[in-house]
Amino acid sequence: MDETLILAEDRLLGPEPKQKDLALHLYRLIADLPLVCPHGHVDPRLFADPDYSFGSPVDLLLIPDHYIFRMLYSQGIALESLGIPRQDGGPVEQDHRKIWQLFAEHFYLFRGTPTGIWLNHAFYHVFGIRQKLNGGSAQAIYDQIAAKLASPEMTPRRLFEQFNIDVLCTTDPATDRLEHHQAIRQSGWKATIRPTFRPDTVVNLDTENWRDHIKQLSEVSGITVESYPTFIQALENRRAYFKTMGAAATDHAALIPCTERLSRAELEIIFDRALCCQATAHDAMRFTGHMLIEMARMSIEDGLVMQLHPGSFRNHNGLIFEGFGRDKGADMPISTEYTRNLKPLLDLYGSDPRLTLILFTLDETSYTRELAPLAGHYPALKLGPPWWFHDSFNGMQRYFDQVMETAGLYNTAGFNDDTRAFPSIPARHDVWRRASANWLAGLVLRGLIDLSDAEEMALDLANGLAKRAYKL
Amino acid sequence: MDETLILAEDRLLGPEPKQKDLALHLYRLIADLPLVCPHGHVDPRLFADPDYSFGSPVDLLLIPDHYIFRMLYSQGIALESLGIPRQDGGPVEQDHRKIWQLFAEHFYLFRGTPTGIWLNHAFYHVFGIRQKLNGGSAQAIYDQIAAKLASPEMTPRRLFEQFNIDVLCTTDPATDRLEHHQAIRQSGWKATIRPTFRPDTVVNLDTENWRDHIKQLSEVSGITVESYPTFIQALENRRAYFKTMGAAATDHAALIPCTERLSRAELEIIFDRALCCQATAHDAMRFTGHMLIEMARMSIEDGLVMQLHPGSFRNHNGLIFEGFGRDKGADMPISTEYTRNLKPLLDLYGSDPRLTLILFTLDETSYTRELAPLAGHYPALKLGPPWWFHDSFNGMQRYFDQVMETAGLYNTAGFNDDTRAFPSIPARHDVWRRASANWLAGLVLRGLIDLSDAEEMALDLANGLAKRAYKL
Amino acid sequence: MDETLILAEDRLLGPEPKQKDLALHLYRLIADLPLVCPHGHVDPRLFADPDYSFGSPVDLLLIPDHYIFRMLYSQGIALESLGIPRQDGGPVEQDHRKIWQLFAEHFYLFRGTPTGIWLNHAFYHVFGIRQKLNGGSAQAIYDQIAAKLASPEMTPRRLFEQFNIDVLCTTDPATDRLEHHQAIRQSGWKATIRPTFRPDTVVNLDTENWRDHIKQLSEVSGITVESYPTFIQALENRRAYFKTMGAAATDHAALIPCTERLSRAELEIIFDRALCCQATAHDAMRFTGHMLIEMARMSIEDGLVMQLHPGSFRNHNGLIFEGFGRDKGADMPISTEYTRNLKPLLDLYGSDPRLTLILFTLDETSYTRELAPLAGHYPALKLGPPWWFHDSFNGMQRYFDQVMETAGLYNTAGFNDDTRAFPSIPARHDVWRRASANWLAGLVLRGLIDLSDAEEMALDLANGLAKRAYKL
């Protein structure tokens, strides 16, 4: 029943021998370069306490990772039986060995998926596992991971160093006091961990309990938000604070990336309606569209790089949202338009060299049709790497094949792992570096670039583009 | 002029030698497994009469196959000259040798198309042809096929056995009495041929002559459909009858796959308007959307698997529709949205383990953006194979590359041939099995899965997934 | 710093040795066939004067080519510093050596882009350059190109002959008197250069200064356009004139390719409103939709092939449009629908064998979903080659893989270079011929077609399909 887990050195590379040799050459140049992580969702708390413990293998690997449990759920496995906490505090499985057994018996579901690749990479390289995970090997592997987790080198800080992370950016609400970031700084630990300013909960009027977030914003900024002008002041205050704490960037979600400049009068009316809980869905959409423009304006002033992640229909499954809350693997992409939606913002700031706006998409149809042409023209625009469902080997191949010819490599922003699963970070960068090497080897063999071009491009893809795009 | 028709054993497999060896190994494991055909449009009449004759080569291969004559039509060949019957009974070519000659002279149009592959496969394996079809070889090949068709092993039942078909599902209107299915059963022939419940003509209020279909529904069900409640009763009655006749599934078309729960009051008003021929297009769209939800509810109760085939703009060419009627190669895909459209249905039933809803698409942009994420989350959802225009070698490659990483193999439903061209069934499954082997070989060679995984996955792709998804 | 520029004979072909051998065999069959150029934007003035001089390397290669300067602009290089003339006549860089240096220092931006391939091809084959262009080699290469441009074989006419161009079609406004075409004819030079009738500025009511264009139309046609009927007469007059001047085709742009038959009364009202500068945006859209149908009607009567290039959002960057005008690399694609939009036109004329309507797209999602199914049915439809951003090696691979299975090769229109950059013409055709050979070699090796099929298809792809589709 138990089989060996093998990670071949040449994995993910195309099979044609000449191409593989060349790809391996390029991969080896970049395989061990420091990891630059400009966007992600690792909890800064992990690093605030030098002795932070990851808990059990299930605490570390399963419960925080919706990539994993969505797949198990899709095959009829209840989230309760995986130990995912219910909103109402109702009973969920507490026996982590039982949860691990269930997971192991269904690990075949991840065959050929990015999650399968990341997990096997972490098993192999982080925990020294050499068996394939299945029902038969489940408990032995649990033991091995649990033992490893008990060892002193298995704190987040030691792993951070072992992973060779150059810089890690977290994502933090605009209302966050960044206490964990402060604790990291004060501890004297020399790693570079930066916050990212994410104002969605105060900027999107249709956020649940929006007024509570505004209240928090008032508290943390010391500016009583009671009108549109004070709202703007409070946001500027928070951006300034995030900058002092090392922030390099902001991040923005929007269901639809529409942008629209509203008049001061309209803004005040809409904002007042929102304060009275009377804003309509249409108000909310327009206000978000205006605030994207306003955030671009602030970025020009304070130099923070702006990221836009649109097109995710959050909490699609009503049942799961009610039972378990947000970020439970039930966010679904929708078709997303950029050419018309971004025009108002781009007309104002798209040609301003002080702005860097990094665009992401869950709608790959926009790669050749909209995003690559836009990024291949506007000085302010760069394209982020394949996002979420598209952060996979095939997704990267499509990205390279569909984006690069028109946008040009140098209008892209390198890789970011965008993960809350800390132990998967090296695996994710490794897939990107292999995909990059493989793509470049193909260009060389087809005579599109020469080897010296490819070597430079490989270094840039590995971390140079990310460093420059995010000004790190 | 005549050249040899060669079907290489390794056809369709990628050319890199290591990959091809591996793909051949996997293909050979599954090449001869029984065919499971859970969805298609073969006429059950073929099997009701043990001595059913296919007629001439043109009767068998050309006249029923809109994949073929649409291509000839596109090059300016009138459907009349191909013997396609006119609605008005007007004159069409009767000389089948002349039609065959015309077809043969234009057979080069099918170079590199799936229709070309299927036809050459049937020529070679079903009829023993060893010459390429063209103007020069036309009559000799006609003779050869005609002679073969006259032989006793060339009845549909003998071919069904020769093709090694495990189970074949037909598609039948809700108003069908399933007399051919009854005849098959009563004849004592031991093949498994199952009907599929397709209620489009009664459920879509904008069907031409909808009231005639309702009248028929009343007649076959014995329930006078005079209101929404009696309509629902009649449908439940028919589903029960289809189940007793072996049905495993239902099938639904909708231009747009919107779903919406209507109130009882709205339903009664719309249904009454429809009975008075006063339903609007908007009524029809909402009613269809409601009925999809209602059909999911019935599936949960009676266990029939639900299939949804949306996004085909039927009878796009007004001239052809008037002259020749439906299914004449003039249905055209449109852009199709699933994430928002299916939410009402999924909120109600998407997490119910008793429902299996198999989704199809003619809009490949939904693979990575909507369908794979949805199927990778909702327990009730599975994805059907590449449909219609996408049932091709390239279409399958895109499907594997775009669906599997996110949905996972086990949220897909294997293959179905979806054909009315009975002799093309083995060819279609063969293309799928080759494409599957080729895809899996690529995964093994790139180190994503190992050989034992690949072998299991190959068996599932060949027929295991289809059997399980359709509960066959 | 200086490296050698190498153009391998097997460039762009897939690396698997058997496939490459076969692809090279096919490529060699077609590499030197005459170039057929049925659609493009080369200025006919180049050929009117036998001694026309291209000017400096910057005049020839940079200033007219928005493919190049959009990429430089995207990296923050001002158009002024590239010598692009301002609308207001304001100062721009005049030192062409300095511009060339700036370009050369940023030539790495074009790594892996089609523009990079075309430029290197022209450097190598037209100018005999053997060094890679960069900051170090910039001035030496400038010298070499300038010297070459000073030589007598470097007139447009000599290059036309050297490029082995069989026929070149230009694109000319409906109001053009075709004086340069007349001059070419009168000069006795034996090349075939044909105009193409492009009526956008008079047919699209929302054209800037539409009434001025109408005035010009009256002048050149001798028909006072003062109503819808006189407008139609004037257009028919111009089409007839273009035909006498050798035109084979018309060409039409539309943001959205909607078509709609308007009543005579509506047409007259809308046209009159337009004459009074009171037409609305909605009027303009409907009128364009009607005129597409009207143009199809005229094509049926006069035999001119009709081309439709929809989906380009022109002049997206307001700043650039104001400063530098049209065609400055700031046109952006939008999502484009064909199935529903073209139905009114196709119902009227789609089955008419006298019409050839060649469709283009900037929205590749329409390949498998709409364009291939439509072209695989309607006799009047053909699909043009990958357009603009998609005129690249990857774009061609996607086109072959996504269009051909459903449309069939013979419903496509071969290649057109669509360029205003005259020296890039051989490079563009060369990429297409290599991509064609590569695609066909793949089909042969996978057993989809045999070698004799592939050889015929290669010849057709190289120029046969274009000749036949455009009736050249």
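Think of it as A, B and C in the order they're written, each chain with its own count starting at 1.
Here, a contact is a pair of C-beta atoms (placed from the backbone, for glycine too) under 8 Å apart; a residue touches a chain by one contact, two chains touch by 3 or more.
Bear in mind the structure is a predicted one, so any value in this text is a computation, not a measurement.
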(Q) I want to confirm something about chain A and chain C. Since they are copies of the same sequence, is their interface symmetric in residue numbering (over half shared, so same) or not (under half, so different)? (A) different
Q) So if I superpose chain B on chain C by CA, what angle comes out, to the nearest 5°? A) 120
(Q) Please tell me the distance, in whole Å, between the geometric centres of chain A and chain C computed from their C-alpha atoms. (A) 40
Q.
Among all residues of chain C, which ones touch two or more of the remaining chains?
A. 16, 365
(Q) Touching residues of chain A toward chain B in the complex: what are they? (A) 3, 6-8, 10-16, 70-71, 73-76, 108-114, 116-117, 132, 313, 316-320, 329-330, 332-335, 362-365, 389-390, 392-395
Q | Residues of chain A touching chain C in the complex | A | 16, 18-19, 337, 339-340, 343, 346-347, 350-351, 353, 365, 368-370, 372-379, 381, 401-402, 404-406, 408-411, 442-443, 445-450, 452-453, 456-457
